[in-house]
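Naming follows writing order (A, B, C and D), and every chain is counted from residue 1.
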Amino acid sequence: MNVIFFIEVLIGGLLSGVMYAMVALGFVLIYKASGVFNFAQGAMVFFAAATCLGISETLGISIWWAILPTILVMIALGLATERIVLRPLVNQNEITLFMATIGLTFFLEGLVQALWGSHAKALDLGIEDIPLSYVLDNYNIMISQFDLISAAVCALLVTVLTLLFSHTKTGRALRAVADDHQAALAVGIPLQRVWGVVWAVAGIVALVAGLLWGARNGVQFALTFTALKALPVLILGGFTSVPGAIVGGLIIGASEKLAEVYVGPLVGGGIEGWFPYVLAMLFLLVRPEGLFGEKLIRRV
Amino acid sequence: MSGSSKLDTDEVILDMRNISLSFGGVKSLIDVSFDLKKHEVRAIIGPNGAGKSSMINVINGIYRPQKGEIIYHGKSRKSMHPYYAASTGIARTFQNIALFRGMSVLDNIMTGRNLKMSSSMLMQALYWGPVQKNEAKHRRKAEEIIDFLEIQHIRKTPVNRLAYGLQKRVELGRALAAEPEILLLDEPMAGMNVEEKQDMCRFILDVNDQLGTTIVLIEHDMSIVMELSDRVLVLDHGSKIADGGPVEVRNDPQVIKAYLGSN
Amino acid sequence: MFYREAGQFKTTYQSDSALFPILQDKIGVLVGLAIFFLAIPLVATPYLFSAILIPFLIFSLAAIGLNILTGYAGQLSLGSAAFMAVGAFATYNFMLRIPGKPILVAFILGGISAALVGIAFGLPSLRIRGFYLAVTTLAMQFFVLWCLTKIPWFTNYSPSGVIRAQQVVILGYVFDSQVSRYLLTLSIVSLMALMAKNMVRTNLGRSWMAIRDMDVAAEVIGFRPLQTKLTAFAISAFYCGVAGALFAYTYLGTVEPEAYSLDLSFRILFMIIIGGMGSILGSFLGAAFMTLLPIGLNMFVHHFSLPMTLASNLELMTFGSLIIFFLIVEPHGLARLWQIGKEKLRLWPFPY
Amino acid sequence: MKALLEETKNQVFPSLLLEQAQVRGNKPAFRLKEFGIWQTWTWAEIAQEVRLLACGLASLGYQRGMNLAIIGNNHPRLYGAMLAAQSLGGVPVPLYQDAPVVDIAYALQNADIQFALAEDQEQVDKLLDIRRDNELVGTIIYEDPKGLQDYRDAGLHAYDHLLQLGCDYDQAHPGFFEDQIAACQPDDISIMLYTSGTTGRPKGVCLSHRAMVSAGAGGVGFDNLTDKENVLSYLPMAWAGDHFFSYAQALVGGFTVNCPESPDTVMLDLREIAPTYYFAPPRIFEGMLTTVMIRMEDASWIKRKMFHYFMAVAKRAGIDILDGKPAPLLDRIQYAIGRIVVFGPLKDVLGLSRIRVAYTAGAAIGPDLFRFYRSIGVNLKQFYGATETCAYVCMQPDGEVRSNSVGVPAPGVEVKISERGEVIVRSVSMLREYYKNSEATAEVLDEDGYFHTGDAGVFDADGHLQIIDRVADLGRTRSGDLFAPNYIENKLKFFSYIKEAVTFGDGLDHIYAFVNIDMEAVGNWAERRGLPYSGYTDLAGKPQVYELIAECLAQANQDLSRETTMAGAQIKRFLILHKELDPDDGELTRTRKVRRRFIAEKYKVLLDALIQGKDAQYVETQVVFEDGREGMVAATLQLADVKTFPVLKEAA
């Protein structure tokens, strides 16, 4: 078979994996901090993108200018969610919290479409999705400039976050909380505030993801399903590890593309939809705590 | 009523040999051996974190020891399995109440009967005659235990509405419902007031000499240990520091040291 | 206040653990059944049957199924719709490929097929818990739908992937009128609801709840975790499977795999959250609520002549907020509210 | 009812049992709440069990003329044991299960008991240490084996083992059982009941089959009761009232007798069974009412409004409607609604919804209390009787029910008022004698065969008997006013805040009272006022409580002032006792009658202090705690005055 083609697919996969990673990142942040598996992350992505687009359209400003107000909106959303949904449910078991976020998902989906309409819209960041001429010329490999840039953005985002969490007070608080809620409370860390912050940050991450996905596939309801794509990523990477999210994202992205290309035809194609899950499931059976997650011992 | 008089036989029914258990480097039990004689009340005492609960968890197979062997029913095995333990007559209560919170007292106790119940899924779905009779038969058993533990008045109360002491009692009831040969009690009197403790003592003794159940008991209150137990195993930081009759154990210098040292 | 329990003493355990130990409840249920079996068929319009009653019953059945798995056995599942799909398409193929097979048998076989799928995807439940498990059920949701769309054999090579359910005929009687379909559905649902009730009040149900409430203790008292969970998966899937079949045969008539999308799974989950986890009655209440609410919203939107799209978005938002509301305020759903009201009546005029 | 009296004239209880087993063999005779359900004995089953039991006893050497002590909570098998003993021509002697060991020991001694049937370990232990120091109760049968497995004492038999013996014996001696019953004569002694007399040692009242049976027949006939009746037997088996209702009447009428699961579940069991024929002393009805009121206090205001509204309706019309007397249509309509939303549910929750006839006796009942139950449609009536008369003297016929009388002489009973104002009675249903106590017998039975009840009473205009007091207790103040302590005490006890009262005045210048407050009612009252208290003694000492009680007493005085005979005897001063009067301390009888003389002795300091007009008095008293330990309680009590009222002659 054709190596070039293989590499193309691989790189394409990896790059799109980066985008999964981005969504996964949102999950990990929230899960780490509050033990909540935020099913609504995907809805937030959709919400962010649509809002940003909506703002720029209604105000007739460029998408880039619309980002700022959208960030504020996302922060508000994050804080509101913490206040209205999570705080009353504190100390509930994870399933309940999970189901609550499903509820949140529906709410956001409804809200965003009520606000900005249900039809798909194109979102133009002004980055053309053309192959990098340099690589194409010299190695005859097609690499989407867009994907590359989004990968870069993602990398940037991760570094920023890492710095944020290692060098700011809130960041350290967050890590403490992630390690042990009770202890964190004991030393007087305001859980609620930390959670609020985390949800806000997750909102911003969602925005970035939303813009990139939106620019690629258009801003539409389907965006919410990117979240579902992130689930296998998390299972691979483990719910509590940022690097896990990245690596997991890459693996899923690459494997699903490869599978689609090389296995798909044999079974009538369209396996992208479920392949990652089945992969994740098999993986679960072997290592329930994920690649980077820490092993849990059942104490009695 | 208690006391060694009733130790009619010296038959060893469970023999734990050189048990060692650790969690990711943290040593919880270090080469502990002890045996269990038929019909005795065997107390396990020791400061917090001495490995008492771990030992019980090893006995009924929740934890698998890294080293050591367990000789039970004449067979030697590396570790127990919870289901096997249950089906061969080992029942237990937990240090922190582990009742089925969503169920009534009666249902909790009925669960103790499950190994003795046998009817197919479909039969239960159709609530066929035999199933009804079966349920009724075991209900009667459960009721006898309810009567024995004097909890008739809360029979149909959801357990999560009960006071702590009563919950402990119900948990004992659930274990008894399995008509166990060996009963493992992990701090059955923790957090109880004086009269609740007295009741619990009474129940444990009655179980021991009316049903002839062998009892392993973790308890902090020395006076209770003295009153109830025939033999006492003392653990400290995972290893055995004494084993014998209540009195001799109490006077054992090492034990005294361990206790004084611990708090 | 209408309860008169004095003098209703029990002299046998059978009567004490009867389905409805209180006389007034028995009467109430019988009246209810009479209304559904006799009164409604006389008065209801075809619209009422096709738009409300039949779907309500079918959703109730599916909700019971999910409730067995999630409410009683505590295993969260996002794949109920997939089970329904399996049930529907299995029934279709049994009918298709074994001519002259009685439809009821086909329904049962459909349910069984769903149960097998359920067992297969329930296997991981031994090792993984909580939403990890939810994810595997999600995987199943996608996987099953993909199979049904991608493997033409299932849809009998229908180009559009849409299947036309065969006519429902029992002992020569053709169920073509709405009333007859309603009655058929009602009978099946009532029967299976009764069976579910029996299961949850016998040892089987206790094993599920034990696993749900405290798995370690359950294992220690002698319940085999895997076996218990798998029975829950199997039975749950069976119920969903039959519901799915009815969905195709007595409700829609023609279905495509997409009818059993993730969205349907979620709706059924919502039904048991709103109706009440771990309650058969709750399954019905939840189903009723989820069937009526959209209609109500539509009327509302119509009444104020708002854009039609708003209705569906409003629906999403209402569902979403209701879920959150119930999880926060009354995690045991409408069933609990019902129960509280009943208690009040039983103690009337006293507060306790 | 004549007919019934006729056909039972020559019956003995065992023959009644066989008859019931014949007539309604598979109808329930006894039920017992055990293991969560009502275990049932049909008439045939109980008859069979009695047969085996009798044979078993016989095989252990129990013979005609022997006594059989029976001690335990109400239990079908214990009633069965009575029948078994009677079938063998023996005499069952039920004893108060909660009596102190000394009392039990005395009874065993007095009736030289060789055979005893004990309910459980607790009772067996009592019997065992009684027999340790004498030759009594060689044979003890226990019903509940729990905890008794490894008792090795001689002559100890499990009930089931006894049945086994009986089975063998029955086979060995066919017809034995029947012959034994045939040999029973109506005039044989059927039962011996110990009266916990207000004074002196308890006396064993010997009652013949004829006496008890005809009393039962009379009672059944009087309210034409049928075999549909359900009764709840929860009062001590040793008490005449229970024997009359749950045994004599049940065996004559073929009722179903239901025994509660345990003494502390009585109210629950009452609700489950919902008896059709119910007996309870006033204090129980009072307790029910108190809980009703307290629970309603906590109800939402709308419910409270509704409740009080309909209770008002009931007060207006309820009793007339119950008695089938004319009542305004509007009231009838409102009452009908009330029946649906209040009375019905209320009675249901209390377990009174199926009652056809309910009786109360043993003490005077407060008019308000009495009216409450009748007004919500419970046909509550009073009767009058004594152990010596099979608890069978006067009864209130339907429609002629009032709170201050005890009704008309029951069928076959002749009632007179002696010249010294004492109620004297003659009928079949009277004691043969006090067991081995002829002079005591002579005191109460005069040569014309009248039994002297010791109660002072009068017949009112329409022939209803009114009981004023014990003749013995009647006294006069120095100023010569008639002083009827019980009469006054009852008036006081009708206040929900007052649980017990003891008055003194005979030969004194004024009337003085000791009061026990009702912990539940006063406690509740205090809580609603945010008045903190640690326990009875503390609460009893509160000045606010003193005021509360003083008001009650003043009110009582006002009532008294309206009555010609009693007007002079108003309460001058009182105190609230620092401890609750308690049978275990000998201050009350087992039936909770006050032992006035005893108390006067015990608390002499307090009484004197009252008389001397002191404001406070220190006192120390011996008490027996729950667990039998003895100890001292000490307290300084306040003494307070009560408002008295001028005698209103014109009111007479």
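Couple of notes before you dig in:
Methods note: a residue touches a chain if its C-beta (ideal position, glycine included) is under 8 Å from a C-beta of that chain, and two chains touch if they have at least 3 such contacts.
Values in this document were obtained by computation on a predicted structure and should not be read as measured data.
Path length between chain B and chain D in the chain contact graph, taken as the least number of steps between touching chains: 1. Here the largest set of C-beta contact pairs joins the chains A-C. Between chain A and chain D the centroid-to-centroid distance comes to 78 Å (mean Cα coordinates, whole Å).
Distance from the chain A centre to the chain C centre is 33 Å, each centre being the mean of its Cα atoms.
With centres taken as mean Cα positions, chain B sits 48 Å from chain A.
Our note on geometry: chain C versus chain D, Cα centroid distance of 58 Å, whole angstroms. Each of the following residues of chain B touches two or more other chains: 62, 94, 139-140. Listed for chain C are residues 12-13, 16, 216, each touching two or more other chains.
Counting partner chains per residue, chain A shows two or more touched chains at residues 300.
Interface of chain C with chain A (complex): residues 74, 76, 124, 127-128, 130-132, 134-136, 138-139, 142-143, 146, 149-151, 216, 262, 266, 269-270, 273, 309-310, 312-324, 327-328, 331. Across the interface of their complex, chain B is touched by residues 34-36, 146-147, 149-150, 261-262, 264-265, 268 of chain D. Chain contact summary for the complex, chain B toward chain C: residues 60, 62, 82-83, 85-87, 91-92, 94, 98-103, 107, 110-115, 117, 119, 121, 124-127, 131-132, 135-136, 139-140, 174-175, 178. Chain C makes touch with chain B in their complex at residues 12-14, 16-17, 195-196, 198-199, 202-204, 206-207, 209-210, 212-214, 216-224, 231, 235, 278. Within the complex, the chain A residues that touch chain C are 37, 84-85, 88-89, 92-96, 98-100, 102-111, 113-114, 117-118, 228, 231-232, 235, 267-271, 273-274, 277-278, 280-281, 284-285, 288, 298, 300.
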